[in-house]
Structures are given as structure tokens and as C-alpha cells.
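All chains are identified by letter, namely A, B, C and D, in their written order; residue positions are counted from 1 within each chain.
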């Protein structure tokens, strides 16, 4: 009820504050006999970790994870998988000035009001550090989805007003290579440098900037998603909106679809040479009535600019008195390059959960 | 697991197909001693019901509801409230042609694939008729929220490319009066007629068109929303995305916020004359770190155009063979005027649920 | 949260007061394509209905049920199945004297204290009438279990101090025939008449008496039950303890097992002629580590005597003042003959739920 | 879904195998501002830990726990509390002989059948070692209940056929002193020595023996428990039945109540000098209609004898072939002395959960 769990069957519960002993996650419901490739999990974490390039925060954390349970001779056993990631390089002193003051557009004020107590060091539980636990869990979801050939592929599709062109994904490998070829993680290489320059210039101003991530899920089988409330896109939407700094989600035709006519928007069914039912267009974003149709699933996630900026801002302190604050510490000028791993992780968790949920009924169809 | 329930504490489960005996809802977790004003519930249903104006479907259904349980001498008792809405004016014959064919951009194909069986009459469970049950439940949530002075206020903010101006809500009454003064339910009266004309012209073409609804929640107390996954906006997003035809959701600065800089986007705290902490701007949309801040909560919901159009479309039949289909029956040219009641209902359900969830901890703050 | 739902996947939510318009249930998660035999559902309800014999309450209710949704051409569709049972023969006047007084060993006092309001007519929501909804849902669970050959077989194993001998179940049909051959529903025919006489004599005293029900589940596949908290017997125990008047549950060796030594209690494994692993004894009650072993599952349920007696008792009224009360109306002298149907229904619901839960993992074993 | 979580609001998820790196628990939903007394938590763990006396297993584990999150300056913050207990003194070699064989009355066979893989070392996840995590979580629940003066008090009420007399609890302190004055943890000092001798003699035989634990909850407020399925005793029953080796649960009059008449069994209400409604007897066990009445809550839990015995037993191996096994390692001859802490922990968790659930509605009563 306190909201630290996600998923119904492939279910995760995360814990940990940014400046506590460790953060971590328990995965309950991972099927048995999935090979748990520790190297792969670490590689996923590395994509999210701080300090990886000049356009991310310069905080250095190795984010190395340890699996405490649920694994036997390299495979999942069907019992809970607990993963912990010890906290390092905490400069808690950097946050002493936050003790008695509410940072603008942070959660300091609302946590204090809700709980009457808060761990003010580095945002405590509201810190985006929590998302490292999601990435570790998402990596295990991906290893499960691998068994079915399902690929979850995200990249940065905009920074500020710089928009990438639509990327045609010929193969997962090609897409990932392109994306990882540049610091901003945009698969449209033509615009990546411009994005990097923009972030760098924003950083030099002591400012921050927002951006968008686009995600495609390939090879998702037909039938995932439960009517009425647990539509596949509703669960994807909740998953994305639960990520720090996300302010918007749309899928398929999305917000633009609201400007279209039915005659334009409807996707025409046809049967391909392998006798598989497909559609000529995909305004539906791979989901019909909340259930995956077999076409590519695609959606977009909008991130606001990071709230910590290096200029002086007016605010109030815990006594409600007018006060001033200036960002200290080491922060990201733009969150999207590191958030690609988080978006993929959350999407993988949703698909893994719905894959298992759908499994239950298949014996009697 | 099968996805027909919503909410954790103030929890609803809906049932019913468009052409079955009845649809309905059970509300489990409604607090005791709430006056259940049946007239109000019916008025809310009337805003959603078909046949209410020339720009909605001409299907006539009274959508009159009956409360079967959970009420005693006009008040809730804390036990489950069951509401049924009998189905009427079903022209099931209108749907005979759907039996063996998949309507483009409908859920026929995915339901058949998932379950191996479907009630093809009028979309069955995937019909938007299911949302009448949500509106009835949402009306009870509103009656609960009334005890706290919380107001949930939505209106049509765009039809196709026609956008309303931002509406300054001086009072709930004034807002509702303006909105209900026109058939399209837009509180910006200046553009309402244009919207109506557009819908009417689209209807004459046998076509449909999308639109957007904007919703504001006023007087929401500080503290609603649970970290990490059950952030208030994540639950609002899931609620909205679970409504038929919704393709997008954003809140506060939303998608536009992704183009902004932190120095623009941050909301400055101040203390007002009543010693209440507020912010000068509200790009946060009334939610900080997933928890309500006491500022107005606002969000937008994008609806795709209705899939049933009156022109001939190519598709496949259940055998996968190329086929043609032409919309029959009585359908909406644009869903947003009737969907205003649904958006408000789902928002009220989310707030009611989080109000109770937050209550649990307040004794020990 | 408010506790009117049961099950995780094959999930029911019941509603309704004894003297409201109707009671009922929604089943969410019933797999598609199960033949829904309405006659069978009614027969199950008839076993629980009041007025069926001289040793049950003389209240007459037909308890005829109606399915409102989730059925198409005689089969389940995978969507929620809503069933209502209208209330009849309510003599609410019989309960006027309960308005301001707390009946001893009833829930009047605790409901009033918890909710500050209660429907005093016939116990409202706390009435055992609620269990009719469970029996209807349980009948559908049985129809599902039929597909797997699983049988749930309960009977009255004691009334007061009269204990039936252990019954060897040669076949489900034989067991049911024996049980239904007498009014008390005891499959040990040798003692049934004595039990009936005892109940009849207690009834003539204006008194009531307790009893026990023993249940066996045959042909349950290996693997049902989830560690650690959702052990199969833990869920069976909760299911039984949630039935009105139940004060105890044990399985396998049960309470007697606590007096035994390990060397007596351990069940020896062997492999039978069909290469199936079995045990020579079954003190484990068909469940090892919370997971079904393939042996018969068996458990016992203890019911206290019905609280409504026809003699004058001291109590307090709602103002806390000393008062007197004498049972009116038509009540059961002993609840177990009618409760056999309820025990079977709840057991069937638990097994159906765990069968589906176990299904999820089977693809990857 | 996979069953490693317990509770709705004060919710725990446990993880860990007996021979993995660590076991542990996450508590989600603990209210903020509860003083987390680490010494108290450790003392509770010490009551459960192995090696504490001659009548328990001689395995030595310090069972020292570490809190990783959810604590700030000695108090809970309302965020998830993660606790880990590293595994020590694992003699995994002791279990090599279990790899290919199914121990009688253990979960080896059912885990293998369900998952197709198992951690055979020491029972893996099915080991009672998992209950240490419950005791740690239960200690925090007790610290929460302390704020309300609620006491959870269990002791060993039988070993084999040796039954303690009913203990009149004058004060929690007195009860605990008596119980802790002897190795078997029986508050009826008169019989404790006999129990200890019995266990010791059974141990010398290489055998094991069952027993019962009786638990009383004092000062529980009126109103805890949710109708219909989440009755307080149903949740207590599930909690107890989820503990390893438990085969039975009853409360109040329990199984004996099934032999009584209503005229004996009904508890008479009266109002005491403080204007509090009480009952003269307490056959109801402090719970009416599933809701706490304010009287003492009491229940009994039956434990089967430990399955690991030091004599040779027949069984089958993983290939289904007849085989023999003899217990090795260090095991408990009787589980109840150590299980007192587990019963109290699970009871405290149930009460904490229902206290918070009941809180939600109290604003509107």
C-alpha cells in the first residue's frame, strides 16, 4: 500500500535512500530456470550509473550489485531474487544546507508534510538513485523476455526542442550500436552531436534541460494486457510516470492522434505471407483494446528539466520563512541519456508481468 | 489479476458487456456514513449517456442505475456498494456482421486471439459502455470528496486542431455552468460553437475526430500519493489511459515541459497570508515527488478518433481472409463531450483512494 | 482492502446484506471457454438454501441466481461473471428489536463500534446469507476444476460430541450419494440418524449446537501452493476461517499431529506401478511445504453453535445499559448440514486460484 | 503472486535461502516516526535463533541483523525498511546427500516437481530459517503496537501429550518472566521441567515431537478486522498456518466449541465501571463477526513433529527409485520453544496491518 511495489506476478519491491547503507530490490515471481547473467545485469546498471560521461553528473558510483537469493548454479529458482547495491561516494555534507529548507520543484516539502520526518540527505527515498534498483530488476526481466525473443529498445528522441527523426529499427543490435555510439544515447546519429552540444552549453549556464525518450518493443506476442483497467498501455503509462521527472506519456498516435480523423487513423488489417494478421499502418501503437496485437509497441516519455540548478533561487524554509537556495553537489544537466536504461527496465518489467498473467489462461483457450 | 478492478482501498470492480443483461460495479472500501445522493449519481450518468445531443450517438439508453447493497437509510455503511445499470435499446442485429470479421482499430482481433472466444455484439466487454459503471462509482467518490471540499473539474480543451484557451476557474459552479452551456462541454465558450460545427461536419462525412480533455482538481490536501510506484500522477495516468480511446496523458508542464530549462520550469515557494506554503507558478501540476502539494492538480488526456466510421474499409475476417467492412449502427462522431464525465469519475476515484491511503499514517505523524 | 474479495487470480468479490435488494458476487479471472451449467450452479445453491429440511431454519428462500455477464453462448468468455441472488421472504420486522440492542455473540456490537452505522436487519452484511454468493462462485470454480478431474468432497463429521467414523471415499459419486441420503449430510450413514435426532432435540430446547465438517480434495495435481505465505493449507485455512461461525481449522494430522513423534508422523515415499510418487501414509494431508503432493488433501473445520437461541439472555443496548433479548425469527439449530456446500465452495475457489497461479510458471519449468 | 509477501498495508516481503548469502525482509507501510530500537529487534531474534539451549538444534548462528533503509536518526521514515541477516555456520556439505533424494515429509519433492529446480542445501527457501526474517519484521510491528499499548504474548502450551494449565496473565512482564525462566518457554512453570525432560528424551532417541503454542493479544482496540474474507481470525489463521510445521489453528472456544450448545457458548455483554462494553465469558476469543471486540484475543497453534529424524527411513530418489535416508546435521527435536517468537511476530504483523486498515475509516465514522 505504501507504493514501493510494482507488478502483479513478476513483482518488484524496491527499498533504500540515496545516502543510506544500500538500495535494492526484491523480485518475487520470476519464473525458475532463467539463466541469470550477472555480467549483463551489471552492463545495464552501467548505462544508468552516474559519472559515465561529460554530460552526466560527475558523481562517481560503481553501482555494483550483489544477488543475495533466488539463484542456484546460475539460474533462477522461482524464489525471491534479492539484489542490493551498496551506496558509495556519498557526500552527505553537500546536503546539510537542505536540512531546513525546501528545494524548489523537489519533493522535500511534500515528504515533510506527509510524513512529518524526512531523510534530507540527497533526497532520501525521492532521489532518482532509487531507479538503479529498477534497472537491476529490469535486467532480469529482459533475461526472461529473451527466452521469447522480445526486445525492448529505447533511445533519446529529443533534448529541449531538438527532435530526432523517426528511427527505422532494422535489428536490435544495429539500433543499440547506433545509440551507444554517442554520449546522448540517440539512435539518430545525425542529430546526436547537436544534442550533446546543447546539454553541454546548458550545463555551463548552471542550468538544466528536459527531453523525451521513445521506446519500441519488438516481437511481443499477441494477447498481452488485461481488460479493463490493466490495459497494456495503462500499465506501461503508470510504469513510465512513476519514473522521477516524467511529466507525460503517450503511445501509438499519441497526442497527435487527438487531431486526426478516424478515416486517417484506422489501421487496416491484412494477412502476411506467413498467415500472420498485421496492419498496414500502426497508429494503434501495437495495442488494440489494451491487448498487444503483435505489431511493434511504441510509446514516448517526456522528462521535465532536472530541478537542481546552480543558480540562486527563492524558496521557503521549514518554518515557512522566505529563504534562498543555490544548488550544490554534482548533478545532471539533462536526465534523458541515463534514463534510457530506466525506461527500458520499466517496460521490460511490464511486459514480463503481462506475459506471465496471460500464460495463466492459455491452457484453456 | 484479470484487470477488472481499480484502486487499492477505495476499490471498484466493474462487470458487464454492452449487449448482456446489465453492466455494473462493486465499490469496496467506501467509508461509512457518506450520504449517497441517488439523484446526483443519476445526473453524472446522464452526462455520459448516449443520445443526449446531436453531436453524440443517437442510441437511446436511459442508463438508470440501481443500488443493490451497502446503503442504509440513505447513507453508506462501509460494506460493498453494488450498482447495476440494465442494458436497453440493444440492437444486437446491428452487430451480426461483426461476428466473423475484425473491425479495424477495434479490439475484436485481440480479444479473439487472447481468449479464443468473444461476445461480438457491440464490442462486448471492450465496449465503452463499460465506462458507465465507472461514472456511477466516480459519482460516489465525488460524494465522498465533497466532505473535504475537493472538486474535480474537467472539460473539452480541444477537438481536432481546435484548441480552447486556458480557462481560469474562479469557482466550480461557474466552471460547470460554462461547460454545460454548450453541447461540446468546453468551458471556453468562445470556441465551443466552432468545435460543435467541426464535429457535426465530420459526422456528416461519416467520419470521426479525436480531441483532448483537460482536468483540474481543486482543494486537494497536501500529502496524497505514495512513493515510489504509486505516485499520484502515475495513478492518475493509469486511470486515464485505461479509458477507451485514450492515447496520451500528461500533467503540469507535460510534454511541453520537456522543451524547457530548469530555471524556467522550477516553481518558487512562498508562504501566503494564511501561512500556507504555495508556489508562484505551477509547472509541477500540483504534484511534487508524486505527492500532492496543495496547489491545483491539472492534467490532459488525449483521445484518438472513434474507430467506427461509416465508410467502407478493408480488413480481414476470422479466417484471416481479406474482407470489407462498413460501420453500421449509431456511433459517436467524437467521444470527448461524453468522456468529460468519465475523466472526472476516474480522477475522483484516484483521489478518494489516495485520501484513504494517506489517512492511515496520519495518526502517527 | 475492505475485505470483500478473495483469491488472487480466480478472484471473487461478494456484496449484499441479508435484507437489502439482493446479494451477489463478481468472479474476475475465470478462464474462458468453461461451460457454465446453470442447473449445476442452482443445485449447489439448493444445498445451502434455508428451509430445506426439518433440521434447518424454516425460512423459505428460493435462492435462485441470475448471471448478468461474462457468459456467451453457454460458456465463460474470460470477462467478469456477475451473479445476483435477489432477497426474498425477508421479515425485516422480526429484527426491529435488534435496532437498539447488541445480540450476544453476534457482530452487532463490533459493526456498530467500527463503522458508527449498521444495517441491523438480519445481521446485514454479517449475516451468513452472504455465503450464498460464495456457493454460486464456488460452483463455477467446480465447473472449472471438472476440466482437470479434481473433486472437492465435504461432509458433516461431527455434531456436538457425535463423531462420524472416517469415511473411505471409493468414488465421488458414491460419497455424494451417501451424504445426500440423509438430512444432516454425513457420509457415515451409521451415525447420521443419531446426529439428526440430536439436532432435533436441541432445536426443541430452543437451543443450538456446533459441529465439524471434514473435506477431501481428490486428484489435485502436484505443485499447487506458493511459498512462503501463500502455502496451500494457509489459503485453505483462511478460506474456511472466513466462513461465519468457524472457530478452527486443521489439516492432515492436524491438532492430533502435535502429540506425535516424527518417527510415527513421517510419510514414506514410494513409486507406484504408474511411476507416480506417492506416500504410504498421509499425515501431511496431501501438502508438503505448502505445495500439493498429489495425495488426497484433507482438512477439518470446526463450527461453533449458532448464536441465536430462543431463550432469554442478558445483554446491553446501544447506550450500554443492561438489557434482555430473546431470539425471534427462524434460525438454524445447527449450521453444519447447510455449511457443507459452503466449505466445498471455498475449497474449490482456493484450488481454482492456485491452479491458475501455478499455470503461470509451467511454460518455463 | 509468488507468495512471499504478507499483509495489505503493513506489508512484508521476505527472501533468502538457508544456505545462500543472506536472508531478509522488506517492510513496506510501516508508519513514520516509530522509534526503531535495534536492541529490541535483536532480542526478539535471539529467542528464535538456533543453538540457544540443549533442547534446540546445536547449529550456531548469531542471527545478527542489519537495517539497510527506512530509518533516520533512530526512527522510521515511512519508507521501506530493509533488514538483512547474513547466513553463517552453513555446513552445506551436510546436505550433499539430499541432492538426489527426497526427504520424507519435507518439501524436496514438491519444490522439485513445481519448479523443476531446487536449492537442496538445507531446504533452501522451504527451510524454517526463513522465519528469522519474520521475527525481525514482527519486532518492528511490536514497536509500532507499543505506541497503542497492545501486547502479543505467546508460550508453549503443550509438548506431545503434556499440556500446560491455562495461564492467567496478570501482566505482560510477569508472563514473559515466567516463560523465559525455562528452556521450553512455557509460562506454566509447574509443567515446564516435564516438557524439557520429554524433549530431551525424544532427542536421545534420535526422534522428534510436536507441540502447541497458545497466544493472547491484550489491549487490542475494538474494530480491527475487515468483513467478509479478511476477518481478523482468518488473517491470524493464515499467518499461523504459513509457519513451517503448523498443522492446525483455532481461536476462542476453537475445536472444543464445536461440541458445545449455544446457551453455553454465548458470551453475555455487560458494561464495566469505566463504561466499556465487555463480556462475562470469552468463548468468542475476542473477535465477533471477524472484528475485535476489545476482549483478549486468544488462539492456539498446533505444530507437527520435526521431519528430520536421526534414524534410517525409506524413501525415493529423484529418479523415483526406492532409496534410504538418515538425518544428518543438527536439528531441533521439538520446534515449539523457538517457534514462540515466530508466532508472536506473525500475530503482531496481523494486528499492525489491521490497525492501519481500520485507521482509514475512522475520520468519517
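In this section, contacts are C-beta pairs under 8 Å (C-beta built on N, C-alpha and C of every residue); 3 or more make two chains touch, one makes a residue touch a chain.
Values in this document were obtained by computation on a predicted structure and should not be read as measured data.
Visitor: Provide the labels of all chains in contact with subunit C and in contact with subunit D.
Guide: Intersection of subunit C and subunit D contact lists gives A, B.
Visitor: With centres defined by CA atoms only, which chain is the most remote from subunit C?
Guide: The chain lying farthest from subunit C is A.
Visitor: Tell me which of A-B and B-C has more C-beta pairs in contact.
Guide: Between A-B and B-C, the larger count of C-beta pairs in contact belongs to A-B.
Visitor: Could you work out how far the Cα centre of subunit B sits from that of subunit C, in whole Å?
Guide: Here subunit B and subunit C have centroids separated by 39 Å.
Visitor: Would you mind pulling out the distance in Å between where the CA atoms of subunit A average out and where those of subunit C do?
Guide: 46
Visitor: So what's the Cα centroid distance for subunit A and subunit B, whole Å?
Guide: About 26 Å, centre to centre.
Visitor: Give the residues of subunit C that touch two or more other chains, as numbers and ranges in rising order.
Guide: 1-5, 8-9, 14, 32-33, 78-79, 114-116, 125, 227, 357, 360-361, 365
Visitor: Subunit A touches which residues of subunit D in the complex?
Guide: 1-5, 8-9, 11, 13-17, 20-24, 26, 28-29, 32-33, 66-72, 75, 77-82, 84, 114-119, 124-125
Visitor: Note which residues of subunit B are touching subunit D in the complex, please.
Guide: 1, 9, 31-34, 78-79, 147, 227, 356-357, 359-365
Visitor: Across the complex, what residues on subunit D touch subunit C?
Guide: 1-6, 8-9, 14, 102, 104-107, 109-111, 113-116, 125-126, 130, 158, 160-161, 202, 205, 207-212, 222-223, 225-231, 233-235, 237-238, 241-242, 247-255, 257-271, 275, 277, 279, 283-285, 288-293, 302-309, 311, 313-316, 320-322, 357-358, 360-361, 365
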